[in-house]
């Protein structure tokens, strides 16, 4: 695939909740290899839009094309298997699984994950399992959580939960990562650390679309940036350029 | 033909009873977002002993107390929706059995007292059946008025739509929810008395079947939707009684269940959709 | 203590253990609140009965009406019971588990249970209605004297084999990646979906497996009791099993076994003892029993929601660490 082709294209995407237009005709393109920011006031429809892209909410109308394939009708789990993986605004770790298990669950290629595979016994799937444990531990080491691998994910701090969610998504080898406020609920001292990880992932070639409230984080990480208000895109481009447009500043600050 | 007309008459009565129960149930669910399986108990057994107002008052207080002392504490503790379903089932089982030794399997009939027939056109209904229909219509109008025109009704609708937002807007959601439990419990108590009026006998054991019928009406209309529940009650009431006439009375609940299954398969969000039965995704 | 009493106790314990292991797979491991569990046991019992009985035209059986009657030898009726439970799980699962919200699923299953009982109770030509089926042949009864002590031991052994088999299946599931995915779905269904898991498919598989095991438990029960009627599978029976799993420890197979011994078996025994002592009016004891079960559920959910034996933590042995974690698709270094 040539680099100029967008990773994802959304065309005139709508999502209503009984008459409420949460997402009201959004069309965007996401360039590969960048962190695209999605900002806007509370209730602008950012989370709803992310959910529609990932398929956890169906779109009311519109078209979503991912890597050249129309995925509008595809259920969420199949989109994830194609490399379109999202995280959530609220922490959504598997609380009663350990950190390592949280990562292992996400791996798509384990022979023991089917009922039949499970009944055939450990000998049938142990090779897959060992390979994935090694990979998951590699990620844990890289993100500095190796010592926590046997802790229940529900007992982690806010920032650690966010990291678990990101690592979990990486276990799927995503092509496009949708992050919904990955820094919210995170202790300020760790925010910069998470930002560093995201920069590294981008430099390795991962495409990211992230909703973020802290503008200085958006400045540091995101280019381009898409601004939403009341379900619509009201501007996009570099942060410096957006800052110069009074109607956008107003919508963001007032809305 | 006259059989069908008679069935239609019974349908009117049934729909009235069901509407009382289903509207209460669905308001409870819509506003507190909780399925209360102990609901049907509010009326069971006790209502037989007391007159209609007594039944309603008892239902109201009882429902309020269950919420205050069981449901609300569990919710505060962070028990998930599913846990709450289990809690309410446990409560319903406990109470119905705790009541058995007290009330026993007695059944009471109010029937003889006013059983002379009145003829309305081709319909023949007893006085108390007509009283039921009038009462149910009155209550439905009252519910409508409450929701539409009173401050309390507005607060209830706001709480149903978005409890956090409602609280932030200064609505005392806790008090609203308390009132909802009172009102819906009262409706249920009333439905119990009315059901006892209508049938030859009424006992604790009839609770479960009654729950199904009320539930079918509530789900048919779209859970959490009082008006939907009214429509659901009309449909379920008429269809079950007509089916009883042309098929067999033993299968009334089965027919209600059939409708429930159809709705779940074809239109899980109910006739008047809101964010009801469908899986939330966010 | 005579042999019959001991056999009775052990076989009921075995059946309850099997049922609790199945319910634990569905409710404890996967978060599927199967309030209609008991109808799967019933399906297995009826299927085993029909497969082993002669047609209802046979001389001794003409006082009942039922469909079929195939006189098939053991173990076909028991296998048939398991198959019946699994087959019943398919339509119920397709209707209930696909699109409904989780708490609605629970209610829909409860309603299904009540209705199934109503239908079988009223539709006499199907399975002899409220009276139920009787004179169900016992396994291997033409080779053994079913009144002899040795037959009781044989039945205990057959039940024990089934317990072992079900334990084997449950353990393999719980300790596998498949079981891990089920637990993840239980903890957060939407997150699991966003990671590529298909919750409907996962629920359907575990619903079917649980249905099959429940069916087997029913087959064992009917072979021992020789009778089966709607009054034996009213929906509160399911609640007892839920109480057992909650008390024993959700998600823990050993907990399910402990729960089975504490709640259904324990209550059965206590009631029997109290019944013998003639305390209070006849209906009082069973009614109080239900109140106690409700209190058990509420008490455990409040004070010890993880149960007596909480779900074990799955810890992994040390091993190599893959250092190259730059394996975003298409950018892998090597």
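By written order: A, B and C. Residues from 1 in each chain.
Everything below uses one rule, namely that contacts are C-beta pairs under 8 Å (C-beta built on N, C-alpha and C of every residue); 3 or more make two chains touch, one makes a residue touch a chain.
Every value quoted in this text rests on a predicted model; they were computed, and no experiment measured them.
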{"item": "Central chain (by mean CA position)", "value": "C"}
{"item": "Of all other chains, the one whose Cα centre sits farthest from subunit B", "value": "A"}
{"item": "Inter-centroid spacing, subunit C versus subunit B (mean Cα positions, whole Å)", "value": "32"}
{"item": "Intercentroid distance (Cα basis), subunit B paired with subunit A, Å", "value": "43"}
{"item": "Subunit A-subunit C separation of Cα centroids, rounded to whole Å", "value": "40"}
{"item": "Touching two or more other chains - residue numbers and ranges from subunit B", "value": "281-282"}
{"item": "Subunit C residues counted as touching two or more neighbouring chains", "value": "190, 193"}
{"item": "For subunit A, residues contacting two or more additional chains", "value": "56, 76, 88"}
{"item": "Subunit B-facing residues of subunit C, complex", "value": "31, 33, 35, 95-96, 99-104, 106-108, 110-112, 114-115, 118-119, 122, 189-190, 193, 235-236, 239, 242-243, 246, 281, 283-284, 286-291, 293-295, 297-298, 301-302, 305"}
{"item": "Footprint of subunit C on subunit B - complex, ascending", "value": "35, 37, 70, 74, 77, 79, 81-87, 89-91, 93-94, 96-98, 100-101, 104-105, 208-209, 212, 215, 219, 223, 248, 250-251, 253-254, 257, 260-261, 264-265, 268, 277-282"}
{"item": "List of subunit A residues in touch with subunit C within their complex", "value": "54, 56, 75-78, 80-81, 83, 85-88, 92-98, 100-102, 104-106, 108, 110, 112-115, 117-119, 121-122, 125, 128-130, 133-135, 137-139, 141-142, 146, 149-150, 152, 168-170, 172-175, 201, 204-206"}
{"item": "Contact footprint of subunit A on subunit C as seen in their complex", "value": "169, 172-173, 175-181, 183-184, 186-188, 190-199, 205-206, 209, 251, 311, 313-316, 319-331"}
